[in-house]
């Protein structure tokens, strides 16, 4: 159909009258960036009336697969470095990826902290229902690092496939505590409380961004990455709970 | 156990409204043309069709009482039923089909199978006991269905044309077997059939159903001697002529007159046996007082005789020998003269 | 004298059936009770939700149509023809059911992606690229949902009485005519059931779609994808969105199925 | 004079059937061809993979058994009984098909979770908690997969000839006996098809399982979960794992189905 | 078109091996006991069952030639077929069922329906044209199935007991209709029936099949006069006694002797009509040279006569009037004397 052009490479021509970027910009971004990027995309569209920003939010690894499979993307923003590495290894990233934001772990507990969790040491308590991320995913890798740093032998009941799944269980009160990212706690609302812990600094998760070599609209791609890395972008990211470099 | 049923049920545009009563150990044959409502009656008696109105009482048990909202489900009725299209379970062997009723009534597998095999032998399909119904011929399937209905001890036997697919010889032996069984059987039997011989051989009483109504009831002999409708008359091979008695003659409703041997008055039926009708190429002289012109409409060979259907003022059926038929040069359309002796004509009140 | 009415549902069937209903319906009730209904209106009035809902319905229906057109013949071949290797074929057809949908999406790339077996040729010959289009959504949904239709129609075909097909043959109907005029009407309830399964599965499809078609609002973002995104941000909204999807599919099923089934029922 | 052998598959059926097969099987072939076979041995020899595979098979089989035991009676009620609101019930039963599995997992928490309607009571009365156990895996898979069984068995029941049930009733069989001894054997192919769908769907279940049962190797980590996690780090390994799952389910289906179908076929 | 078939097919433990030939316009009746292989023959002719061996040739077309690997599929055979269990399509109206064959052969809906309705009228179910088969009675369904087979212009008509479910009266009219149609019909007809009257009325030739083999073939009159197996003899109501001619008497195989009017020699059949057998309570004196002691085994009323089966040295069937039956005080087991005039005994070579 006609609206297929929104994502098709052919739609991304830069033939607008003004000098700025125009046409369609396609951004593949990790789902956890949905709010901030949607907001920034809107701002960019406001600055360049001829520009239409399209987002494809999904898990980073799905996005990496898509990019490797020849997806007509201009920008790729990953929630972790391994997925970006998949893309750079395939020679698809234009230049070095830049780190836009970082995330650290926080202990999420249900509102009111019914189990009285105080710190990382509580993850060794057998009687509690505890969730961490699976070691295969970034937050799980980070969790292992902080547990190692703190010398805690964690006994989780479940190794979640992503942060969201862990957080859902906290929201529902099904686990007494979960180790998740700060940003997720921030977005979860009143049902969840976040507890900082000192060892979190041991494992910082970086969000790399890159324009892609096959970008149909490289001008716009550059403009978007520039906006994200600008003061304005950093403010938006830190407003959402990200650490910004 | 005795059966008394009086039910009404709508079937498409027609309403089937039938009253039947069958005493303990009695066999009632239900005769009637296609679509008369015979199978419908059996379905109601079996509990597979809810009547719109009426009662069914077996022994002292009320099986159906529409007014009182009583409707005993089929499986609590202690039935034996042969369906017009057999309905043997395709996934069970013939033995297991026959044993099914016993098994549901709590008989253990061994004795149930033994009883099933015994009945299969009685209807002559013992050697097919291990086959699936799909591997039987039509007549074999019908016999298995009959065995399935008869095994066990039903309170009511409902047989819907149980012998129709049997070959002539098997029919004799299975009919004899059935007759033997029914003679000892204490429950009521309702037998639907198109074969007057079955009715004669097996039934104590006959009801004739036409268009959802009972049009005649009585003993087989009575019904066959004094048919009250054209259907019954044809069934037993008589020509039936309704008319009005006027002393020694009857004025027929269709026109014409018939001389009879008795004095009669009022509405009567005149019945003429085909054997008693003689045919002549030209008007005969002589003693018979009944001589009519007619036209041959159809002729069917039947053993050594030919059955001739005649149209004319007085419609008749005549049986003549094949030789006579050939000598008369008869063919559909041929005009002939038909005569019957007055003493050969049966006459009885309508 | 027993005068009670015809027995309804026998207990050994009623009890498990009730358990099954409780098991399937209670969680839905739980969702309904706990759902943040205040979210309903904002969500419903958001144009993105409307778009996603429309896209979901359109693509699931398209996937069902494709599945019926391709899958019913396949079911017939599996149930009726005597080609060799039928049992292997049947198992092969069942297997996509087991494939994690995300991997299914990857597999679709391998065939229909820009660098895929067929996709590369499509791209060169016609300049057609399938991934990240609404077509890709339909393809992903069809890939995941069609096996449900095939297997359940095959079951219905096996259970149907093949003697009617013999009767049709004696009346001069070749196998195709017999299929259209006799077999298909006879197994209509089975096809209806299969189509419902297929439609529902397509409507709920997530993994293969987000992988192969991406998540572009208006083009490829179906309701399950919207629910996924909402889960990232606002789980309450996700629950509300799911309930909207449920309500719409419930209404559709009630309308469609009753209409189709009553037709099919009249034919039986 | 025409002397050719009995017509095989008519073209209007063969062509779509071939398309369907190509559509369903080509992506699998694509996976097979591109799979990094060197990964196979390391993966197969990893005890975690064996564990996940075993857990998948056990829990999918258990979910199928539960679904058959509860779902076949429900299908019977939907197809045969005259209870009111049947069409609403039927649609309600179909609806979990549409629910995004993750939301389904949330819904299960609402009923069977620590603070769920039933779960809280179970916890207090018996100290039983269901989430994060193998039981939870079975429950999640059953919730997602049972509707497939119910709908396809219902279709088979509707298509079956009910007159045999009349015949059974005249032989003294109540509805339960009739169901066991007549109806069920007659629709055996439909139940087989439904069970295959159910098993395959359960085997591929991901979203509801990870939500309600979590992901713990040895207890709740089924193959699809393992595949998903592998996808995060090493997509190649994930493809190999999926192929292992496929191969195992293909083998199971070939063995089981042929055995069951030939029995069911002999009964028909 | 003419039909020549010679086929062999295994059916369970039995092998059906039959040779039949039917000329253009000829009607062949296939008679035989249940399970003889009659329906099997029709299925092979229709192309629904592949024979293990043999050929089927219709006109000049080879439909089946197992040796050459030829097997024309059923739908290319231009058939009209009535199945023993009707097999009307449950999802189509009666009209559409009958019109089905015309539609598949390219006739447009309007004319096809019109032709269907005409045939439905001819078999007397015009008023049921819009019903579904499930709403018909057994006999109505059978008539619709017959109409479905007859409409159109088949090369071969295969009728498997097409009249078995009809009531006696309808049977007459439908049989007459069928007879009329078959008289004009140019193709071959194979009619399976259990009713000798159908065979007499409709068939030009008869083959009798038993246990998968043809045991007798000939014209209806010939077969009924000179039955060659017990089955056929029973069918036409004769007692058949094989024996060896020894001048004016025949030594029976079962023992005993029969005096006959002709001089015979070698293996012969002796056939005795039931009407010619007289029964006596004690040994009669007088002219009949054949007098045997016997025992009554079964008695079936049949119109005004009773058919008695007798066992003894010479097994016989006797028809006696109901009055005589009562006067003789006959009951199963009663010993009687049976006598037959030598001139009433038919004798012919085996």
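Labels A, B, C, D and E are assigned to the chains in the order they are written; within every chain, residues are numbered from 1.
Throughout what follows, a contact is a pair of C-beta atoms (placed from the backbone, for glycine too) under 8 Å apart; a residue touches a chain by one contact, two chains touch by 3 or more.
Note that the structure is predicted; figures quoted are calculated from it, not measured.
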| item | value |
| --- | --- |
| Touching both chain D and chain E (chains) | B, C |
| Chain separated most widely from chain E, comparing mean CA positions | A |
| Relative to chain B, chain with the most remote C-alpha centre | A |
| Two chains joined by the most C-beta pairs in contact, as defined above | C-D |
| Where chain A and chain E are represented by their mean Cα positions, the distance between them in whole Å | 87 |
| CA centroid of chain B to CA centroid of chain C, Å | 55 |
| Centre-of-Cα separation between chain E and chain B, whole angstrom | 21 |
| Touching two or more other chains - residues of chain A | 59, 62, 65, 168 |
| Residue list for chain D, restricted to those that touch at least two other chains | 7, 102, 106, 110, 174-175, 186, 228, 231, 235, 268 |
| Chain B: positions in contact with at least two other chains | 73, 76 |
| Partner chain D, residues of chain B touching it in the complex | 46-48, 73-81, 83, 87-92, 100-101, 103-105, 148, 152, 158 |
| Contact footprint of chain B on chain D as seen in their complex | 163-164, 166-175, 177-178, 181-182, 185-186, 188, 267-268 |
| Residues of chain D defined as touching chain C within the complex | 7-17, 19-21, 23-28, 30-31, 33-34, 69-74, 76-77, 81-83, 87-104, 106-108, 110-111, 116-118, 142-143, 146-148, 150-152, 154-156, 158-161, 174-176, 179, 186-187, 189-190, 192-194, 196-197, 200-201, 203-204, 206-207, 223-224, 227-228, 231, 235, 238-239, 242, 245-246, 249-250, 253-254, 257-258, 261, 264-265, 268 |
| Chain A residues within the chain C interface of the complex | 1, 3-4, 6-9, 28, 31-32, 34-35, 54-59, 62, 65-66, 69-72, 164, 167-168, 171, 187-189 |
| Touch list for chain D against partner chain A, complex | 102, 106, 109-110, 113-115, 129, 131-132, 210-211, 213-217, 220-221, 225, 228-233, 235 |
